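To keep things simple, chains are lettered A, B, C and D as they appear, and every chain counts its residues starting from 1.
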Amino acid sequence: MSKICTADKAMARVHDSDMIAAHNWGISGSPGYLFRALVERGVKDLTLCIPNFIPMPEGFVERGLTDPSILLPQVRKIISPFIGARGILSNLSETFLSNLAKEGRLEIETSTHGILMERLYAGATGLGGIYSPVGVDTIVAEGKEKRNIDEVDYVFEKPLRPDVGLIKADKADTLGNLVYRGSARGANPLIAMASKYTIVEVFDVVEPGVLEPEMIVTPGVFVDCVVRIPDEDIYSGKRRTELIQLLAEVMLARGM
Amino acid sequence: MKDRLTEELLAIRAAQEIKPGDYCNLGIGLPQLCASHVPEGAIVQAENGTLGYGPLVDQDNVDKMDLDFIDAGGSFFTPAPGMAFFDILTSFMMIRSGRLKSFLGGLQVSERGDLAIHSLSSTDKFPQIGGSMDLAWGAKRLIVLMTHNTKDGVSKIVKELTLPMSARACVDLIITDIAVIEVTSGGLVLRECVPGWTPEEIQEQTEAPLKVADDVKEMEF
Amino acid sequence: MKDRLTEELLAIRAAQEIKPGDYCNLGIGLPQLCASHVPEGAIVQAENGTLGYGPLVDQDNVDKMDLDFIDAGGSFFTPAPGMAFFDILTSFMMIRSGRLKSFLGGLQVSERGDLAIHSLSSTDKFPQIGGSMDLAWGAKRLIVLMTHNTKDGVSKIVKELTLPMSARACVDLIITDIAVIEVTSGGLVLRECVPGWTPEEIQEQTEAPLKVADDVKEMEF
Amino acid sequence: MSKICTADKAMARVHDSDMIAAHNWGISGSPGYLFRALVERGVKDLTLCIPNFIPMPEGFVERGLTDPSILLPQVRKIISPFIGARGILSNLSETFLSNLAKEGRLEIETSTHGILMERLYAGATGLGGIYSPVGVDTIVAEGKEKRNIDEVDYVFEKPLRPDVGLIKADKADTLGNLVYRGSARGANPLIAMASKYTIVEVFDVVEPGVLEPEMIVTPGVFVDCVVRIPDEDIYSGKRRTELIQLLAEVMLARGM
């Protein structure tokens, strides 16, 4: 029962108004190939649940960086603790996003990195809600129940159960077992567990038995579709050297 | 105008709070500069999922750049023996477990140790909270590094926060470019003065009242 | 007395509910016997932390025994390609994720699909709940395997549970030694009769009322 | 900063009335060597938080099986979803345990495997409580708040934060990074994270860098003391062959 399929076929399960979860933190571990496929799929009114939403400078996506802001025309709501609209890397001005928000075309719900993870965890494990010690009396607690338990204040947080998880792993076997590499692991394992339907993009696919059972981080049961990035694609494992070269140039140019 | 610490010296003083055997998280901004001064035997955590990584990649070793070895601020790191990787859920459990010393920047600290770090305005449309609230709440010991005053000379150490709060009564120690101040249940205690500054001069720069420690001393590096 | 299914035949019929591509958990007791009849392409989970293990070790291959390869019932298993290990927290998240078909034994099932499995008495001092409540609540589809009647001939399929409840309205299908019964929002529906039994005879053995499916049929193996 | 120490020294941090968490499920992954050290430490009035409490037949502990019931004289309360007092392997009759309970010398709190894990998880991550979908209107919900959230009933469960975690891993490095083997992983990684103080027994200790960073399941930050089981001990890695032989004999004798 191989789970390998094309991005096209995998995306057929994504619908208007779905909640999509994805990872984004730095230049690694964010599913750029699937983001592009989601644009091609053309669904709308999505809610995007993402630890960071960091736009890239113009021209960088074409060269292999992942930019969640390519999804903006399809997104009605972003749930994220960090929107990098002010960053030096941004090509989206705060004004642009503000205008979307003013026109009612974009809703933003904030959280903290840790609590966003806990809400996804609560979704994954079927909990009805959790009491978070973080965020009490802050902006993230607005409109939420506050409760004192054993002399500590907590904020009631509800679970998040995304319809679709778009994740990225280093390798998959045909059963959907996944291994990650370094800090590209990110929120990917959690998103796989929390989502009702999980699509993963990988650099490589191997036969069952090739991945060490002790090294498998995401067991195949949490994965519905495995999409291998084609070798010729800018996001492929074969072409990562081009991205390294680009970033090395940037680093040298900045004199870091 | 008296001399204030450079960012580099501030970071060097802050790094003295890290002891061998400590686990610590160095927040984005000023705290990141501590990285080069962490003592042998202390271990640094990156909240995007790494513990115990090696020195950062810089211009001199760009060839060591690995796309999958990035810290929370987006810098590339080199591997180190005993390094471990984990997902972000585990990372923030680690952060809230009380097992890490956290070093954060700050916009304001109140005399009760309330911290404002995530936002310059309560009408802010776009969240920049990130992991700051988790780091502030969960730390075994929270050290805030910041300039003592804003560019306009306004005290960042205040009686009551005027900026949006990130976490209540969380700060243990404040290290600024003119002083080291401890947050105690009895209020703020001035522990160290930057060379050239008297306690009175530091109080003048500080909105919140400071008690001067009996053993107040000149900052050493 | 009419013939009832042997445990082995009951397990063979139950295993027909497992399709290639399914993930399933086989509870302790009768469901464990399904293990030898799982179709190719289906994957079995052990709630103590393994997915996709190979055949159990038995007398004929005792030399394959590995102390670290044990299923939830304490049997030794052999490895299989694509097997994965995880901790119990992840395992029960998996169980409650709705991605597994669960097969459980049962002491009683009510006509609304309430299940009693963990205790013979409400004054029980020593818990034997284990993972049964999690498995019952979280299953994508819950199939209960049990003898239709107690040793004293009392129906285990009841209007209201008399034993302590393990989970409410959780059972999808009941497979007994005389019948296959589906739990629907409209009540219990008799789907299959064991050869030699009529629907009327099965109803006589059953406290809760059964509707007979239009396409009721004889059980096949 | 090596974390290697003797069981004796590690146990000095365990005190009367502490809550101890440990794993027990089948014959592997349960810290038999540390249980024995805890008996020698002699503290009392302990609360034991354990997924299963399964006594072994007489004579088996001496031959390398782990039996949490050796702790009974020191335990005032057991929190566990499964107490194997009725099992065929038990040398502790239900009557014996009942008598302890009647005399007020033993309190038993039950749970489910999954919810016990979630309570430990909530402890690990600082939550004030969680709403569990499992156990509603059952014995585990007695005396607990029930709440309907978005048309589903839940039970309020409180976190567990053990004072001491006694865990077992396959190998440690001197920094306390741990790897497990097969189903011996169990609740050990979670207990390490949830406990205020974690002691691990291991078959082997290696230098930092020997364990693959991707394979480390428990990062060293969660581990305070690493105890290597001495080679001559019945619980040592060197003597596991004796245990295999014993179990093979049992299996053949039973005709399984």
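We take it that a residue touches a chain if its C-beta (ideal position, glycine included) is under 8 Å from a C-beta of that chain, and two chains touch if they have at least 3 such contacts.
Because the structure is predicted, anything quoted here is derived from the model rather than measured.
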When C-D is set beside B-D, which has more C-beta pairs in contact? C-D
Relative to chain C, largest Cα-centroid distance belongs to chain B
Averaging only over C-alpha atoms, locate the centres of chain C and chain D and give their separation in whole Å. 28
Calculate how many whole Å lie between the centre of chain B and the centre of chain C, each centre taken as the average of the chain's C-alpha atoms. 55
Measuring centre to centre with CA averages, how many angstrom lie between chain A and chain C? 37
Two or more partner chains touched - positions in chain C: 85-86, 92, 96, 137-138
Hunt down the residues of chain D that sit against at least two other chains at once, touch-wise. 114, 118, 125-126, 133-134, 180-182, 213-214
Pairwise, which chains touch? A-B, A-C, A-D, B-D, C-D
Interfacial residue positions of chain C with respect to chain D in the complex: 46-50, 57-59, 62-63, 65-72, 74, 85-89, 92, 95-96, 119, 122, 125-134, 137-138, 164-168
Would you pull the chain D residues touching chain B in the complex into a rising list? 1, 124-126, 173, 175, 177, 193, 207-209, 213-214, 216, 219-222
Can you name the residues of chain C that touch chain A in the complex? 20-21, 23, 41, 43, 45, 51-52, 79-86, 90, 92-94, 96-100, 137-138
List the residues on chain D that touch chain A in their complex, please. 114, 118, 122, 125-134, 147, 149-150, 152, 154, 158, 179-182, 212-215
List of chain D residues in touch with chain C within their complex: 25-29, 51-52, 80-83, 85-86, 94, 97-98, 101, 108, 110-115, 117-118, 120-121, 133-140, 170, 180-190, 217, 240, 243-244, 247-248, 251-252, 255-256
